[in-house]
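The two complexes that follow have subunit A in common; it is paired with subunit B in the first and with subunit C in the second.
Let's turn to the complex of A and B:
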């Protein structure tokens, strides 16, 4: 059996990387994800983990190192935060184009400005459409579990795609939470060794990630599209098996909290959902019919599941913890995705965007309380006066 | 609205320290006390101030702990807004730092110092109206301060919890407040000798007597 410890999201992720028996790691320091690499460096130094630990000369270099390592047949891991994530932008598409299932942990940090250490999901969301599997953990336990889930999903021969395992910086990455660290035998049963079916071989070198002829473009892109669409079935199967082996059952797409007879809900992703849950619980004690729907997998976006989940309520508030200046709906990408999922249901389910927690600011109990109060007004009126509200200025 | 989110059973511990060279000791105090509370079945949380860090040598920095009978709901926050216990890893922090900001009525201040509470009290300019007692302990005479970056940034501290003077400071907190059983703390800290001596030697002074003495 595993052991229970109070550890941070960073240490939880590092433990998962160790359990996954990752062979090549490439680091470059930036807060807050850097705790993952400190922990992995210690594990390698102490002989707990037998892996090549490479110091990248920057994030672009980091991604290039694991790109090569994965092409050569190694299970590879890297990570970053904030501007580090965007600095490596060029390399994301070649990795998924080459269909290499390496993993990158992202502990969110705002881009500059404000450039403080605080969390904002903007960094990871900038690379959301690069053909990677992507989703957010809301606790250190889920951070550990995401790493294992994503390697298994990404390495499935029906998928072969890289993955961003995301966690909110500081809130999840640095605050200790109780984590059940599974034992190695369980992980071995769940995650077989990585087998690259087209290993880069110097005797017969071929690579397709970076550049090719225009005539080859449509086919390559179509295959990548099919891969991410096809991953949906695998994501469901793998979550099922994860629950069977580890006893922790996650809904693969959306987690519903106190939604049974709810009239209004908040839809969001990441660690702030844990704060929202406590507000839902308190409001439920007062007899309010409120709930939370937490998105677990962002890419591929579970359009049908979100439609099924959100289509039953009288009003839905979508919390975006990112900046998408000039976007339709004047909030964030989660609002536009939710609206697309609900398209065709007309005015039946009014949606309102809430932009909150920018620059790493907390989303407080009082702010969630105000969001629910606004949603009750919207449900009563059957429509919203405004598409979106930026907190704390507009609510 | 504020009342709706109150957590009545929640106790908050804030430890002030000097940046980098006392980060570990400050963190050890909150980790040791909260882990001891966890042994007693409490809900706990320990963390370092994210914005104070990293790498700012000698700058006042904070580490925090929370202990509750109920599940902690104010989890994803940056600071303890209303501490029940404040501890200082070194005495000069009484000057020019608002160490008692937000303390609850009946709060306790624990200081690592050779000097008496009467002397240090004179330097504390704000927030003493809610302060019940000052506890002094010469933690540095009982154990060394361990300077390490191990355990920074949420990573595992490979140098050992409560190996240095943090064990003594934690023991003084336990003596003054009874927030956990001393036996529970002894199960967590590595430097049990320093903890025992601190538990024996820590001086608890009622703030009322200090105010009356002028």
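Let's turn to the complex of A and C:
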């Protein structure tokens, strides 16, 4: 068995990168994700990890370095936060199009303005449709596990896609949690060495990222579509095997908390869900039938699983910790996706959007109590009189 | 017409043609032509390494240029340590 340590989400991710025996790392500083890179730099300097540690000249450069490293056959790792994530935007699609399964950790930070470096999932959600596997950890332990799970899923020959392993800035990245760091032998059993599909080798010259005629375009996009749709089965298999080897069982798509006889639930992702759990528990002590459904994998979006999970409640509140100005439903992308999943169930399951925790503010217990009170009203009336509420101003 | 999915190379990766691509002749983009001063050239081949379009031929005793594909970017002129490559306006030439 491994060792138990009290570490932050950043340090947990760095430990996972070390256990995954990553060969090329490219860094560029921006808080809060920088904590991962400073820990990795220390590991490399102290001889704990044998990896090429490259200093990028910016996030666009960072992603380009790991792109090449992955094409050359190395297991590669990078990361960023906030505007750093969006600065590298151009490089995400080529990486998934070339089917290079490198990993990027994102510790969320707001985009500017407000430029207050607080946590907000907008940065990572901007890149949600780039053909990458994506999901959120809610604790430092899960941050460590997500890194290992995603390398395994992404490198599976049936998938071959890059991954965003996301965690909320500060609320996960800088809060200490008890983390079970697994044995290197266990990780070796779980994660075989990376083998890429085409090796960049001067003895066998190839064109990677060739310019193509427009008639090749639809087929190229269809390949990527098939890869991300095909990853669903692999995601389930890999979570199963993870549980068998490490003894930690995660539901691959949604985690349900006190939902057995629940009438109203909150649906959300990320570290704020841990705060919500406390509120659910207190309300349960008062006899309220409330629960929480936490999304674990955002891309590919588990439409059927979310439909099955949410379709049985009298009202669902969807918490979006991001801004999507002008979106249908006037809240965030999670509300839109949840409604798509529930489409066809008519008015049976009224949904309400809550935009909360923007700019790095905490979503407080008080705010969760207000959300559950609103959901109780909605369940009673059988419909919502407003699509969404911005907290703390509208509720 | 779209190419059928099965005929699209996986991840768009293809073996290098290692030959000239007749479908993509870029020499006519050129406004400046590289001209070699063979007396100065030391055959160090830094121009060959640096040419982004593989338009420096290195199989002869001294370097020569493949003008069918040279876009006239002038990198060879920049990197030549002995100043053996100059750039002449393309309109100065008959061909």
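Going forward, the second predicted complex is superposed on the first by the 387 of 395 C-alpha atoms of A that agree within 3 Å, B and C clash if a C-alpha of one lies under 4 Å from a C-alpha of the other, contacts with A are read in each partner's own complex, and residues count from 1 in each chain.
Operating definition for what follows: a residue touches a chain if its C-beta (ideal position, glycine included) is under 8 Å from a C-beta of that chain, and two chains touch if they have at least 3 such contacts.
Keep in mind that this is a model prediction, so the values were computed, not measured.
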Ask   = Is A:215 contacted by the first partner subunit B, the second partner subunit C, both or neither?
value = second
Inquiry  = Output check: A:98 vs subunit B and subunit C. Expected answer is one of first, second, both, neither. What do you get?
reply    = second
Key: Winner by number of subunit A residues touched, once subunit B and subunit C are compared   = B
Task = State whether A:75 touches subunit B only (first), subunit C only (second), both chains, or neither.
result = neither
Key: Touched partner set for A:171, first subunit B, second subunit C, both or neither   = first
Ask   = When the two structures are overlaid on chain A, which partner does A:39 contact: first (subunit B), second (subunit C), both, or neither?
value = first
Message = Contact-wise, after the overlay, does A:365 reach subunit B, subunit C, both or neither (first, second, both, neither)?
response = first
Request  = Pick one for A:294: touches subunit B only (first), subunit C only (second), both, or neither.
outcome  = neither
Note = Intersected contact list for subunit A, partners subunit B and subunit C none
List of subunit A residues in touch with subunit C within their complex = 97-99, 160, 197-198, 204-210, 212-213, 215-220, 222-223
Ask   = Which positions of subunit A touch subunit B when the two form their complex?
value = 6-11, 14, 31-32, 34-35, 38-39, 42, 46, 116-118, 168, 170-171, 173-176, 271-272, 274-275, 278-279, 281-282, 286, 362-363, 365-366, 369
Ask   = Across the complex, what residues on subunit B touch subunit A?
value = 1-2, 4-5, 35, 38, 44-48, 50-51, 54, 73-78, 150, 152-156, 158
Query = Taking the complex as given, what residues does subunit C use to touch subunit A?
reply = 1-5, 7-8, 10-18
